[in-house]
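So, here come the structures, one by one.
Note that chain A is present in both complexes that follow, paired respectively with chain B and with chain C.
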Partner chain A sequence: MNELRGPQHPWTLPSVVLSVLVLVVVVPEPWGPLTVALAGAVAALVLGPAAVTVRAAVVCFIPWVFLILLHGVFGEAPRTSVVGLPLSKAGLATAQAQGARLYAVLVWSLLAIARLDPSRFLDAAATSGRGVSGSLALVATLQAIPRLGERASRITAAQRARGLRVRGSLLARLKALAPLALPLVLGAIIEADDRTATLELRGASSGRPRTALQQVDNPTWERAVRWGALALALGALGWRALR
Partner chain B sequence: MTPRELALVPVAVALNVAMGVVVAQLGLPVYLDTLGTVLAVSLAGLRCGLIVGGVSQVVAALNVGAFMLLFMPIQALVAVGALLACRAGGLQSLPKSLAWGAAIGLVGGAASAGISYVVFKGVTAIGVTAVVSALRAIGLPLAWAVTGASMSTDLVDKLLVLPVAGIALRALPLRLRYRFPLVQRATGLTG
Partner chain C sequence: MTAVLRMDNLSIRYAGAERPALEDVSFEVGPGEALWLAGAVGAGCTTLLLAAAGFAPRLTGGVRTGSVEVLGHDPAVETRTLAGRLALLSASPISQLSGIAATVEEEVAFGPANLGWARSRIDAAVAQTLARTGLTALAKRAPTSLSGGELQRVVLAASLVLEPALWLLDEPMSALDPDAAHRVHAVLKEELKRGAALLLATDDADAARLLTARALVLQEGRIAAEGPTSLLLASDALFEAGAAGHPLAQLALAARAFGATRDAMAPYPLDPDDAAKRWQRVVTPPSGVLMNDAALQLSLIGDEPLVKLPASTVARGAVTGPVLQFEQVRFGYDASQAGVLDGLTLQVRASEGVALLGANGAGKSTTLRLAMALAHPTAGEVQTVNVATTGLGPEDFAPRVGFVFQHPEDQLFATTVLEELAFGPRQLGWSPTQVAQRCDEVLDLLELSPLAARHPYDIPAPARRLVTVACALMVRPALLLLDEPSAGLDAATRAVLVSAVRAVRKAGTAVVAVTHDATFAVEALDRGVVLRHGKLVADAPVGVLLARGGGDIPRLPAPQRVVRDLGLMPKGPRFADAARVLAGHLSRRD
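Our next item is the complex of A and B:
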């Protein structure tokens, strides 16, 4: 994490993402969403990891194709020719603005998650002196997702070894759903029950503040960025309401 | 949050995500990404279901963009629908589960259509957008195409989620079932 430049506090970039979510919807088309998208790409290139700019474009590619299809191809007249295709002028403008919005939100989100260190996130909540249960739930969730995903794959492999067919007609695949889902669901419920007992034994219900393993610095400039992001989003909403 | 909620929320959210792995392996055109939400409501009540739904959307937002946060009301609607289903014993049998699944699917689909049309201009998940494109190709206006696609996919999705949840809860070991009064009411099983 130390090699990454820019904000180090785990709440700063998520705050910016929430602000971006508001901004891309309220800023005027076509330049508003494009500017926010460009700012996200520049932020990723400068702060790192730069690869999120490409990953965001890859994820956006199919939605971009659908936007051109739904609004450009199936859109209303008047039409203009783009590489030999007669596309709706208004539809193209809608597709371009919506495509920029998607990219903007995605590149900022991927940037935030790429730089998120779950343990620092939890320590930041503990350092702030507020309750940690929300942060603990989020961090435990991020750790549980790969575990259950892997378990789902293991169950599929085991059931297939026992003769379960996971291909074929739609009805055959629907019939295979219960033998795959039920062991996963029952295992998850039993795991949650065991964890409840563990958390109770460790005093999770005591209500006392949690001690941070490491104090997380919260410099003034990062606090200013978070408050600035909030002010920008509120300002944009106010400007849009008054327009 | 109580220890039970703290333990259940991560597992239920992970279940919402892991069901995506299962349906992808089966090649089914559904998501089943509210199964964890329905189970959380059955096991620990509405508050836990709402937290699971909210955290699920936050996790989705971290992976596929913060726009997913705008679908949080759908998770809340599913949680409320699941609570009503549990209180009415809606998971006692397959027909009852299917009926509640249809009701929740239609309501959720209608709400989802509104968000998809207004915010996303009709382009959301690939499967749903493919249906929207097909409906547009046969001449339906965009608003109707989005509504038809969202409601049909949500209907099919919830027609699977509620029965799977019902079967799983009815299969719970007795020692667990005794700890969850709402599960006993939802499934009509008192051990």
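Our next item is the complex of A and C:
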């Protein structure tokens, strides 16, 4: 267990997640997507941070309601009563499968991002002897997500200090969207230019082989997991194509 | 001598701009040479730095004619060749982080690793650079957890480690405490000795004088004057180009305006000692104490609390009870940062202007956050406008408290300045007539009326800063909280800010400002509070505090210092008081 919780090779979890993202699309409904989603929640609870399970659920909540209403109301008979509403049984099954897919994609992706150590990721690329420019582009893009999160908290604080109420009814939340989202987008655009300049000045596009700042272990079992994940994804795609 | 940077007939025009940002600019800078870029807002200093780095117009858009060469290469084209040879630092350090590193140490090592340095060389260079920039103690901290001033040193260190051939600096010391600014200054001097070239764009004429030998004065994108920095500073060339000039030259100019008829003409003195010598001949110091600080014995050693003045000495105007009260407040963001505030007790009354002073990371911004209920104390109590902040959020205090954050980009979203100002009052349910009337008042107060219909992102950065101050003033706050309000402002914009702060204080608003800017502190505020490691260690009139400044407390601005050293008795610590009393003496002997 400690081996799992500790720092794995930085490519292992992303490889597993990529494979899972393929699997969740091709596994049969209704139990396939649900199993993958539950596996994601368990992985997050075991590996940490556990909070991503809740975060993914919060993001999924409104789409889940929407999916239940859409498929439940417009789905085919027979119908069953849910809190007094006659909803389609088949529609509910579809909503459950699509909702589980959505949650699975989110929880696995958030887990991969939360556990990503950008520096080790680059070091792994450097140690492998491959060029790091692709890894750098990938890491810089993924790191934009937590940076957006930090900026979002600063913006929320600034707008709340101007009287904006960000909690309350759905309508109140919708009204709060523009003052929160627009500075986020505008700031991100400005920051992207600054960041590009910084990376360039510090030799990120120098084309020279990068020095690894730390030793990144790549044990056999992790290499096996990555190849296994790739094989699983390819197998699932093949199975789906032949079916 | 081979030029490190050469520009030949460089012109840059941004898309849709009425005039070129730079026009026919030609000059060169050699190894070990430092050049000061002086000019008013919009003169083209920042564009020139971006062009030297190869980013204007490549990243900014627009068209370039003429040529730029760094070490014989065009920086816009030969980026690989020049990687690590150029360092560009701006006043906004947070956007200059790599975004990859988890610790300060990794941030500094990022560049050398990219350039393929050997691991042993990286380790040695990083350790040495952290020591040179005073960051060793912060090596394991996450860059995003640092204060603005600490971040400014981190981005400096991240460039310094690469031993660049050309430094391009745009207000690089704006958020630094005096100690840190001194250290950075020393590092840049060492870089010049090593043979690096340096371009410095700053409004801080004193820093420019001490660091650069040559200056280029820009006006509307063109070179208006060029020559030795001290000669230009001692002349009227900078004033004629609309730039701020040296504070002592400003003092002489102001003394002239107050009636001085001799010894107030160019060449102006640039060193406080020279100024004192020059004016000592014609000044007869009155007998008695210097200013009003003789009675106050300040001890700025260690963490022992200083003498606290009685409230009556520091509060002016109507006193209606504390507008802000901290009672034995303790606070830490997390376990690793326990004690960001350590038993802070502080009272601020109506109309008071309090400068929160202290080193970067001393807990100053945190104090403001707690006052606005953006965070809550782990022990003790904070009362803002006579209401305990416990269980409340910033939106609950928005009708009575204005807050200006460090980064304007974190709040501006409307399509016009006018709409931006109206946002806060509309949230609070003001009528359209009330909103319109207040918008007019605030736009006038901050001289923003000509920009009312412009998009906040299309106006110059200093004006954008004023827009955020305007937004905070819209609700006629009882308490105004300002976090580094004058950072990145040119002298003219700072004067507008000072005048607005004085006006709202006269109307009863208490102002608490985190600042390292001595000029802003003495011109706009009257009380200084020094924090050290989350503890209050000094609380006194700001003029007195700055007169004893040094270490983590800024020193009194040079003009006031000179007048004080002459033994004159200005009415107060402000620039105008100093100029007025000097003018009295410079006209008396005629």
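Rule of thumb we're sticking to: the second predicted complex is superposed on the first by the 166 of 243 C-alpha atoms of A that agree within 3 Å, B and C clash if a C-alpha of one lies under 4 Å from a C-alpha of the other, contacts with A are read in each partner's own complex, and residues count from 1 in each chain.
Throughout what follows, a contact is a pair of C-beta atoms (placed from the backbone, for glycine too) under 8 Å apart; a residue touches a chain by one contact, two chains touch by 3 or more.
Just so you know, these numbers come straight off a predicted model, no measurement behind them.
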First, second, both or neither for A:118, with chain B first and chain C second: second
First (chain B), second (chain C), both or neither touched by A:159: second
Touched partner set for A:18, first chain B, second chain C, both or neither: first
First, second, both or neither for A:174, with chain B first and chain C second: first
Touching partner for A:67 - first (chain B), second (chain C), both, neither: first
Partner chain(s) touched by A:80 [first = chain B, second = chain C, both, neither]: neither
Per-residue touch tally on chain A - higher for chain B or for chain C: B
Common interface residues of chain A - those touching chain B in one complex and chain C in the other: 136, 140, 143-144, 147, 151, 178, 182, 186, 190-191, 193-196, 198-200, 204-205
Contact footprint of chain A on chain B as seen in their complex: 1-15, 17-19, 21-23, 25-28, 32, 35-36, 39, 43, 51, 55, 58-59, 61-67, 69, 119-123, 126, 129-130, 132-133, 136-137, 142, 160, 164-165, 167-168, 171-173, 176, 179
Contact set on chain A toward chain B in their complex: 17-18, 20-21, 25, 59, 62-63, 66-67, 69-71, 74, 94-95, 98, 101-102, 105-106, 108-110, 112-113, 116, 133-134, 136-138, 140-145, 147-149, 151-153, 156, 166-167, 170, 173-174, 176-178, 180-182, 184-186, 188-196, 198-200, 204-205
Residues on chain A engaged by chain C in the complex (per definition of touch): 117-119, 122, 126, 132, 136, 139-140, 143-144, 147, 150-151, 154-155, 157-165, 178-179, 182-183, 186-187, 190-191, 193-213
Chain A partner contacts - residues on chain C that touch it in the complex: 53, 55, 59-60, 79-80, 83-84, 86-88, 90, 92, 95-102, 106, 109-119, 122, 144, 158-159, 162, 369, 372, 374, 393-395, 397-399, 401, 403, 405, 407, 409-413, 423-424, 427-428, 457, 471-472, 475
